[in-house]
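You will see chain A twice below: alongside chain B first, and alongside chain C after that.
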Partner chain A sequence: MISTTLQPAEVTDELLNKYETVIGLEVHCQLLTDSKLFTTDINRFGAEPNTNIGALTLALPGTLPKLNKKALEFAVRMGLACGCTITRRTIFDRKNYFYPDLPKGYQISQDKAPICQGGGILITTKGSDGKPVEKTIRFHHIHLEEDAGKSVHDGNDTATLLDYNRAGTPLIEMVSEPDLRSAEETGAYVTAIRQLVRYLDVCDGNMEEGSLRCDVNISIRPWGQEEFGTKVEIKNMNSIRNIMRAVEYEWRRQVALAESGGTITQETRMFDADSGQTYGMRVKETMNDYRYFPDPDLCPVELSDEWMEEVKAKMPALPNELREKFVNQYGIPAYDAAQLTDTKEMAAYFEELCSHTAHYKTASNWLMGPVKSYLNETGEDMEAFPLKAVVLAGLIELVETGVISHSTATQKAFPALLENAEQSPRELAEANNWLQNRNTGELETLVDEVLAAMPDKVTAYRKGKKGLLGLFVGEVMKKSRGTADPKLVNELLAEKLK
Partner chain B sequence: MKEYLTLADIQHDLRAGITTCEELVGHYLARIESNRHLNAFVEVYADEALSRAREVDARIHEDRAGRLAGMVLGVKDVLCHAGHGVQAGSHILDGYNSPFTATAVQRVLDEDAIVIGRQNCDEFAMGSSNESSYFGPVRNAADPDRVPGGSSGGSAAAVQAGLCHASLGSDTGGSVRQPAAFCNVVGLKPSYGRISRWGLLAYASSFDCVGPITKSVEDAALLLEVMAGPDEYDSTVSTREVPAYSQQLEWKGTARIGYLREAIESEAVEPAIRERTSMLLDQLREQGHVVEPIEMPLLHYYLPTYYILTTAEASSNLSRFDGVRYGHRSTEAKDLESLYKKSRTEGFGDEVRRRILLGTFVLSANYYDAYYTKAQRVRKLIKEETERLLTQYDFLVSPVTPTTAFRLGEKMDDPLQMYLADIFTVQANVVGAPAISVPNGTDAAGLPIGFQLMSRPFAEEHLLAFSNYLMDLINAAENA
Partner chain C sequence: MKIDRETLQKIAHLARLEVKPEEEEALLASMENVLTWMEQLNELDTQGVEPLTHVTGEVNNWREDSGLNRLTREQALANAPSQDGTYIKVPKVIE
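Here is the complex of A and B:
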């Protein structure tokens, strides 16, 4: 036994590399249904406390649950997108425990026959060689359940306030297999889930408001060991970055403990974003017996072929399908495709752009460059991007046909169009005299003037200092005050310098 | 005032101007007052019932009254009625008023029934004697030292003593039929899912049924017809069409009837009950019906199955009564855990606590398979056995109870003896079939005896028609 305890921060890479980290996640997503899971009470974040609470939400005596079919559809949508087996006869169970924010004294959840089983989601991380590595993280299952209310402590420790607005909000919980091995993979996994639920319009994925939450189960084992180590559950992370920080810290903490001869205890720990550390909850951990049993107030739900077909027909294109399509149909690089499918709004915009211009790669560059910069600067979503695809396509066409230069387009025309999105790019360019000079005669004069002014450089170029070409082009462009078509200038110079 | 057997008689006199709803309500209010010792009502809505009676009288006058005009009803204290208290005979719901109305209650109100008050019952409908009520026991009008049965004891005693024309009760293992038998009235437990449970305080969700207690089969049929049918608030209610039961009460032809041999041979059944049951079976044979003894090999499993599953469901259903949002909250609580423990300990009576503990035990991880899972399997077997018998016979019959009404306090210290009072009634709830209790005379001491008939699920029209015919047969024999 080593007497001094190793601190997590002191753990060297060498020690860390002795262990494999095994991580599994439970991700909860609040569904974007109009009403709650088992009642018509409104489902909305941010309302005044205790305003969306009808008889059933408060579990008044004599109330009975009635399943919201929309929530079921959302869960099935997620299941279909993840290649899960959809349980065609699904059952709701009661999970019994007492807590003030749980009005019925039990939560309606799914235990034995959850709506989706198996399946998984593809994540991409950067490999040690810098190249992207793909990996599928398997789901154990996805189940539907209702959210609890919120307990608010008023600060003086004498009273607890209860807000039942959230009680009964539909959730899907995705329970992964312990397939994740690092903080990076864990971050990529949550990112992929968030992206997917947004694509599917089932959840807004907002982690700060708690509409997407996750619990991390993490353990370590020496490389090569078959059986899992003792797992620790971590809660209270409200961003992907914090999830990754929590995993990173907990990994170090467990290695430090193992290396100091300590024992890892099975427990729930809270992540503290300020310190970046995890803390054991100072409550007595008793084994909860939830006494699951089928809810006798709800009949088993049988999903008909017809209903399943309807849900399938309404499925939107998924990010990986779009990535493939962009690479194959538009011939853009895989990297571009991944960037453009980050959100479904961006992907849709790209597709629309491609219906107005055949310069697909250029279109992609515009979106990844100027458009993304604009979004980053303004903090806006693609949904709020002011330019119609047809307008941006018009601008791209002007550049591609040499009517205006790329730099004029990005630095002058684009900002002007953002200011006034109703203008036509061509009229704008004409009004501002941005059209490129393609008059060969005029340009030839300029080229001659420039070459005549720099005889030494011309000699040097002819002797093999080919790099000087850029200098000549620059000078010609300057003389034309940016109106010259650089392509044409290049051609003319090449001719003259032969 | 005249004793009315059926609503049809009342409506005849209302139309003829012989009486009015206001007069009827006044009469029942006076009866309630003079029978306070029965403790049948927890709360009486005197002014409200009178003013509603005047409204209904006006509608009768204008010839636009509902089908239940003239029906003065008592409602068991387990059915919600907006703006009225409901507390399932329990201290834990002290002061609780429901903001909504049970579907069954709403439907009778929509047909102009008048609710005169809420009726005493065993706490959370758990009991067979009406002695577990926080409001104290109800007494049997045939002998005030005896129980009226339970759990709908107040509802049965009220009809028996003429405190209202009919009652709405609930039946989880016999809670309508057993008190009906003890009180000489008709009690109907419909098929599971025939009447919506929305607004019925749950005891055991997969067993609970709302059911009427009346003086005639005719009124039971009419009340069922009004209350039954699909309801968007209850996922377990049947969407089957509701037959016009009240229009199909004439029985024609012969029936195939199976009876449990033990019911007329077992020493555990009181001699007078065996005798009355045998006599009735003989009469049926004489009328040309096929009456045969049947075997129910699983009989001994009925009660254990019933008690394991109902207590399991009850332990969860009653978790919401925690002192946090409504009802009784202990003033002694110091923290969250003591708030739960003290509120629930103070709020629930012994029988309810016993069943919550039993149910919590059978659902606990280490015993779940041995009890809950096994009981679910046995339930399925009992269903199969009963369904098989119901393909061979139109009706399965038995006495409703092995004894007549027992003395107050007699079985309070012996829960197992008390549970045996349900031996003949639980089967219908375990399998979800409809069953009815009709009066079948009395023993030498004048204590009522009930006869039970059970039919295939959702065959209430046959059950009611045959029961109607049977009551005529019994009455004819009585008068002969």
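Here is the complex of A and C:
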């Protein structure tokens, strides 16, 4: 029997193309609050185990939860950025289940009245013709809930060890509609969410530390079929690349199974990054019965118009808005704008740069070229970039006004400024004798000398061998030991050779 | 309302309670009694009536986001049935 079963790796493109893949995501983001969702315990990743746990987190008798206003505001901020309808009267529900990572025996979540409903996020993927394709992935809703503690299974032979620092920390969970169709789209979706939560300062988006996590629901159906196939949930991906690998593998596995006449069972599978495969959890799957009901310990929340206005007023500019602004106001290409709005730090730096120089496209080139190379080499974020925007703008001005050459600026001045960010670009250039010679009188003498030394070439040029101009420029540059401003030399030569 | 033994055992399991066979009769009778009494509510027409989730009318009992740990780790772990000074220990939940 085994020999007749198709293996995921053996599935041909022809077979894959018979099916449409349908994917929906649940993305959890840990909110950057100082305290937990319903108590004052400190909310911080990486603290010593069980040092941020108080009476409420431990579910001691007589404790009562009290909502963290900031967490609510963060959830609303995300909802507003995604065009969701904000639920103006919201409540919290208990989701009942027993697992040692939750001392209470239930998780406080939202079931009937999640804080945000509808909305969505724009993703960009590369189309088959190489051009960018935009698509909106709709949200079903966003809700607020508390996180569970962390279980350590491999620290002890007979016991599971529990660290409750994370128990009760605030999360938003974004539940998408089943709008995604491929690994690329899924990757683009998580990338867009991560970018947005970072812009909004609601979550650090660190997938390795688990502050942004996602569960993928995936099913296949023959093209044209309206009814969804049986969905499988995949967990345990700690990077966008692994999410895409998991989707790719699971898609092939399901097609292989369907083509071998097998049945896809509804289950939760774990992704293993080493093998690139998904594995069933081999636990008895019983239908979860969470018995949600409104938490009587938490009174409803009613958001006033005034409160909503306050939150709206604090909203930072969003990547889409900045992209548009960069194209319209600074006249840079859409590609540049997308690159520069990748992180809000880069976007802010570009804006500051543009407040000091009017050479917007040149400024963009500097950021996408030398600055990005520097960040890649050092592994630093834009936040740690040593040069102030005003200094880099000064360097750009020196090049644009012909005071120093572009190559001197990128190869000598820029590295020197990175070494010592306190220098003024002009003083640096002067001290190192990098200034281009713009003394017309001196340059004229050099030009005359060069032309006088090559009378036959001058005649050839005048007869139409215009390509010789480069030779003359080169000779003048040589005589000036590279200090001449090539633009000026060109002008002078053109004049003399008339 | 009739409750069968299977439903009783399922509810007991969800609450992690062990119900012995000799206790079943009494519990079934008791549950049926409660549910029958509650069924009287079905006589009311609740069309267009919002579910009442909370009775006091209080809203927005929230707090500012300010972190403060009120227990030391030693205090927090003191009442755990099993702990090693760093972690709380429970019987292994996976193989």
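Heads up, the rule we're going with is that the second predicted complex is superposed on the first by the 437 of 498 C-alpha atoms of A that agree within 3 Å, B and C clash if a C-alpha of one lies under 4 Å from a C-alpha of the other, contacts with A are read in each partner's own complex, and residues count from 1 in each chain.
In the analysis below, contacts are C-beta pairs under 8 Å (C-beta built on N, C-alpha and C of every residue); 3 or more make two chains touch, one makes a residue touch a chain.
No experiment lies behind these values; they were computed from the predicted model shown.
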*Return the chain, chain B or chain C, that is in touch with more residues of chain A.*
C
*Regarding the shared-chain residue A:D41, is it in contact with chain B (first), chain C (second), both, or neither?*
second
*Given the touch rule stated above, what does A:E310 touch, chain B (first), chain C (second), both, or neither?*
neither
*Taking the superposition as given, does A:N96 touch the first partner, chain B, the second, chain C, both, or neither?*
both
*Of the partners chain B and chain C, which touch A:A71 in the superposed model: first, second, both, neither?*
second
*Touching A:K104, do we find chain B (first), chain C (second), both, or neither?*
first
*Which partner does A:E442 reach: the first (chain B), the second (chain C), both, or neither?*
neither
*asked:* By the touch definition at the top of the document, which applies to A:G62: first (chain B), second (chain C), both, or neither?
replied: first
*Share the list of chain A residues that count as touching for chain B in one structure and for chain C in the other.*
55, 58, 60, 66-67, 96, 98, 100, 160, 162, 289, 291, 296, 298-299
*For the complex, which residues does chain A have touching chain C?*
33-35, 40-43, 48-55, 58, 60, 66-72, 89, 91, 96, 98-100, 151-153, 155-156, 158-164, 289, 291, 294, 296, 298-302
*Which chain B residues qualify as touching chain A in the complex?*
79-80, 86, 88, 93, 96, 98-100, 102, 197-202, 204-206, 232-236, 312-313, 315-316, 318-322, 324-326, 336, 340, 360, 363-365, 368, 372
*Write out the stretch or stretches of chain C touching chain A in their complex.*
14, 16, 53-54, 56, 58-71, 73, 76-77, 79, 82, 84, 86-94
*Residue numbers on chain A that touch chain B, as the complex places them*: 55, 58-67, 94, 96, 98, 100, 103-106, 160, 162, 289, 291, 293, 296-299
